[in-house]
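Some structures are shown below for you to check.
Two complexes are shown next, each including chain A; its partner changes from chain B in the first to chain C in the second.
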Partner chain A sequence: MTYLEALIQHSVALIIAVPLLSAFLMPLVSRVHPILRNIFALLMLTVTGCFIGLLTTDVLANGPRIYIFGAKELTLPLVRILFEVDGINVFMAIITIILAIIAVIYSWSFLDKQDGLDKYYTLLLLVVTSALGMEMTGDVFNFFVFLEISCIASCALIAFWIAEGEALEAAFKYIVISSVGALFVLFAVGIFYAQYNALNIATIAQAIQFSFLDKIALILLVVVLGMKAGLAPMHMWLPDAYGRAPPSVTLVIMSATLASFYGVLRILFTLYGNILPTSIRFDLPLNVVLGWILIVLAVVSILIGVIMALIQSDLMRLIGYAAVAEVGYMFLAIGTTIAALGAPYATVALHGGILHVLNDALDIGLLFLVAGAIYYVTKKRSLDDIGGLARTMKFTTVFFIIGLLAVAGMPPLNGFTSKFLIYESVYQLNPILSIIALLCSILMLAIFIKVLYATFFGPELPELKDVKEAPKSMLLAMGIVAGLAIFIGLFPNLFLDSLVKPAADALLNHTQYITTIVGGI
Partner chain B sequence: MFTLESGSGFWNPLIWILIIFIAFLLFYGIRGFGKSLYKKGTEQTKAFLSGNKEAAPEEMHVKASNLYWGFTVSMSSLYSRLRKMHTGNVSDYLLWFIIVLAILFLVIGVI
Partner chain C sequence: MIQYIPFIAVVCMIFIGLYAAMFRRNLIKIVIGITIIESGVNLFLITLGYREGGVAPIYTSLPSGTVYPEQMVLPVPQALTLTSIVIGVAVLALMLSLVMHIYKKYETLDVQEMRRLKE
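Presenting the complex of A and B:
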């Protein structure tokens, strides 16, 4: 076995181990020199990114990968955890590592005058580890453990600006919501273990009967992970947390939020994939009922997100509400896929939904980075207190325009490609849903045009005459995201064919996943 | 590589860019027909406000909360309900979570 083959074989473990060990090494490295700390954080995330790249090429070429931690043979006492990686896992891991690397580059300048950065980078790496763990594990209890790590580390990061009372309040709300949610997830895990004596997703999926207890577990998992993903009307923690955390933190919390969305996908398509067509009452298949429930919640999210964003005067809260609307688009696509399971447009909706995960991460992420740059130079949060910044912040203005066009789904940027697939497929299920989604995108554009005018245009305000452009590392971070948004918009098929379609196939072809895993152990 | 198929339609960003480019050329051409009478720093660059004195630039900046004022006023009943919903109280956040759980229990678990 060559070194490369050995690295590929153990890449699943290394993707978790490298950021985890780096997190605990960070306080020691920080003692040497702050620059070394910054380079160490970026280097370790880049190394993790390389392992994700290696794993992605292997998974796309050879199919799902199993990695066993613990006992190799099925002998008692059986202590082991299985990581199972297929197309959707690597897709989510790529998004997580992109967001993490950008967050670290941005943090260099954004937080350069702050204290406690050793703890900041430790927590940031822990959130990245937990998000990657949630996305790679094939074990429901292990998923719960990573969810808990994510909750605790994210809470501490949200409260990073502890001198601001609101940051502490937002962190408190986040930990309450997350802890209650995690408790319900543990309850669902207990239900599976009590019934099937198993914690492995594939094993449970093979044995699942859809008893009354299974129904309870399904409801608990979907509602909790929906809440963690920011689905309305359980979205209220999201503008609080996103609005009060430093923008670099928001990026990594967003990756944890998207990991919860991945959890919903894995539960619906893999864990309950075998029984989705089962009729429940009145000859209604479960997939139709569940799909329409998700669609209703998604439409509520889109409407509440854009309507509430319109009246916000705090820029970061405004983007937080826009993020709620974007989560709604993802759930609209997934709801359509489930409600119309088997129809050709259901697959297109799934492609749109999965691609929108990447686009949402980039577009909303870019807007948060711009909001952070504005806060960095002006120290103001309210849109009423700023104006005319385009004169001095030319690059930031361009990045904001790219972000606003992308998040509103304007061609030829990335947001349009996924929304195009969502509109077209949802229209075939119900045209009214597609029209609502389209109108809300237009409203989103109007909201961000307001922000553009109020923030960057208009006369130069006397108190902001000395404002300068954001530092270079922040511009670099924004530039990378803006570049990716344009690139995906111009070459959508490149991403669709190489990453999105394998991810969608992995979800739709749950039988292959189960037989590969159960056969492999 | 450039054409995105949705099964019922297609999207090609290159065609869009080409159209935008042609539109810009067209606008630039139309602009060429205009008269270049603009003289910076003269009376013609000052705004005519029915004889009133022009205010300082910072006083004329329309603040973000004033934009779309008409829209928010006409939707005030909806906004008052939504504001009541967003109390900022974490107990209410959990209440919404319980409500959604209960509805799903009724729809999937019981009915």
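Presenting the complex of A and C:
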């Protein structure tokens, strides 16, 4: 075995181990020098990114990879913790690590003069660890543990600006909702263990019967993970948390949110994959019922997100509601896939939905970074108090225009590709859904044009006369995201063929996921 | 009938906890509600771990005449419960510290009086 092979083989464990260990080294390192601390965080995330890159090339070439923790020779296969990584897992891990690296670059100057930054970086790396863990584990109980780590660490980060009462309120709301949610995930884990004596996703998926208890577990898991992903009508925590946390934190919390979205995908397509076509009542197959429920909730999220964004005056909160709408588009896509399982356009919808995860992370992330830059230079949140910033903040204005066009799905930016795939496939299921999605997208464009005029154009405000452009590290972070958005918009096929299609195949071909574990051990 | 009593208790505890978390206005009572849900879920896991005629998987103190390893109980639910208890303590501590800071800020624990995040 060569050195590189050993590295690839253990990269699954190292992707979790490197950020986890460096999180707890962080207080020690930051005692030495603040700049060393920032470099250390960036370096360790880059190392993790390299491992993810290695693993991605291997998984795309050789199929799913298993990593078993603990004794290999044990005869009881059901109690070992194991990680299983396939196309969708590496795709989500790439998104998480991109968001984390951008957040660290951005916080270099954004949180320059704040206290408690050693704890900040520790918690940030813990959120990254938990998101990566949720995305790579092949064990339902392990999923719960990482969900709780993400809940605790994100809550502490949301309350980072602890002097503001609203931040505390948002953090309390977040922890109440996500800890109750996580306990219901544990309840569902107990239901699985009671019936199948297993905690392994693949083993449960092979044995699943769709008894009454399985129905309860399915409802609990989809409701809880949908809530953690920000699906209406359980979206209330999302604009609060996104709007009150520092924008660099919002980026990593968004990666934890997207990990919950991945959880929904894994549960629907793999865990319940064997029994999706069984009919439940009145000759209606489970996939049609489930798909339409998701579609209805998704349309409600899109409508709520856009309508509530229309009346907001707080810039970050407004973007938070836009994020709810974007989550709605993702769920619209996977709802269509499940409702029309087997039809050719179902695959197209899944491609659109998966690509939209990446695009949503980049677009909403870019808008939050711009909002953070505005807050950094003006110390104001409300749209009524800012105006005419384009005179001094030229680069930030350009990045905001890129972000607003991308989030509204205008060509040639990245949002266009995924939204176009979604409209195209949803139209074949039901034209009205497609029309609603398209209209809301246009409404979103109108909202952000209004924001553009309110903040960057218009008369110069006397109290904002001496604001400066945002610092270099923030511009660099925004520039990377904007560059990625343009690059994906110009060459969507590159990403569709190399990353999105393997991810969609991994979800649709759930027997491969099961046989890799059940046959391989 | 007697073997169903723990499950009935689990359902009762979860609903009592949910009621407290959703409808009480005092922050401390919300925290207590979440703790009750957690205890209910832990009780559920522990109840699942009970096997009739099984013995605890401790090699040094096996009763004589034990059929090894068929009679030994696989201690997975107990391990899950221990993990869940540890996580629960962390969540509880974090929630209470947040409540403390909120009280310092607003000088009230009533949810209705502190809602600044609306719409």
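Here, the second predicted complex is superposed on the first by the 515 of 521 C-alpha atoms of A that agree within 3 Å, B and C clash if a C-alpha of one lies under 4 Å from a C-alpha of the other, contacts with A are read in each partner's own complex, and residues count from 1 in each chain.
The rule is simple: a contact is a pair of C-beta atoms (placed from the backbone, for glycine too) under 8 Å apart; a residue touches a chain by one contact, two chains touch by 3 or more.
Predicted model only: the values in this text are computed from it and were never measured.
Colleague: By the touch definition at the top of the document, which applies to A:Asn493: first (chain B), second (chain C), both, or neither?
Modeller: first
Colleague: Looking at chain A, does chain C or chain B touch more of its residues?
Modeller: Comparing chain B with chain C, the partner touching more chain A residues is B.
Colleague: A:Met308 in the overlay: touching chain B, chain C, both, or neither? Say first, second, both or neither.
Modeller: both
Colleague: Does chain B (first) or chain C (second) touch A:Leu168, or do both, or does neither?
Modeller: second
Colleague: Should A:Gly342 be classified as contacting the first partner (chain B), the second (chain C), both, or neither?
Modeller: A:Gly342 sits against neither chain B nor chain C.
Colleague: Is A:Gly70 touching anything from chain B or chain C once the two structures are fitted on A? First, second, both or neither.
Modeller: neither
Colleague: Classify the contacts of A:Val180 with the two partner chains as first (chain B alone), second (chain C alone), both, or neither.
Modeller: Both partners.
Colleague: Between chain B (first) and chain C (second), which does A:Tyr193 come into contact with in this model arrangement: first, second, both, or neither?
Modeller: Touch status of A:Tyr193: second partner only.
Colleague: In the superposed arrangement, does A:Val222 touch chain B (first), chain C (second), both or neither?
Modeller: In the superposition, A:Val222 contacts chain B only.
Colleague: Of all the chain A residues, which ones make contact with chain B and with chain C?
Modeller: 172-173, 176, 180, 240, 308, 311
Colleague: If you look only at chain A, which of its residues touch chain B in the complex?
Modeller: Residues 172-173, 176-177, 180-181, 212, 215-216, 218-220, 222-223, 226-227, 233-234, 236-237, 240, 280-281, 286, 289-290, 293, 297, 304, 307-308, 310-311, 313, 344-345, 348, 382-384, 387-388, 411-412, 416-417, 420-421, 424-425, 427-428, 446, 450-451, 453-455, 458-462, 489-494, 496 of chain A touch chain B in their complex.
Colleague: Contact residues on chain C for chain A in the complex?
Modeller: Residues in contact with chain A: 14, 18, 21, 27, 30, 34, 37-38, 41, 44-45, 48, 74, 76-77, 80, 83-84, 87, 90-91, 94-95, 98-99, 101-102, 105-106, 114-117, 119.
Colleague: Taking the touch rule as given, give the residues of chain B at its contact with chain A in the complex, in rising order.
Modeller: Touch residues, chain B against chain A: 1-4, 6-9, 11, 13-14, 16-17, 57-58, 60-65, 67-68, 71-72, 75, 78-79, 82, 85-86, 88, 90, 92-94, 96-97, 99-101, 104-105, 107-109, 111.
Colleague: Name, in rising order, each residue of chain A that touches chain C in their complex.
Modeller: These residues of chain A touch chain C: 76, 79, 141, 145, 148, 151-152, 155-156, 159, 162, 165-166, 168-173, 175-176, 179-180, 183, 186-187, 189-190, 193-194, 199, 240, 244, 308, 311-312.
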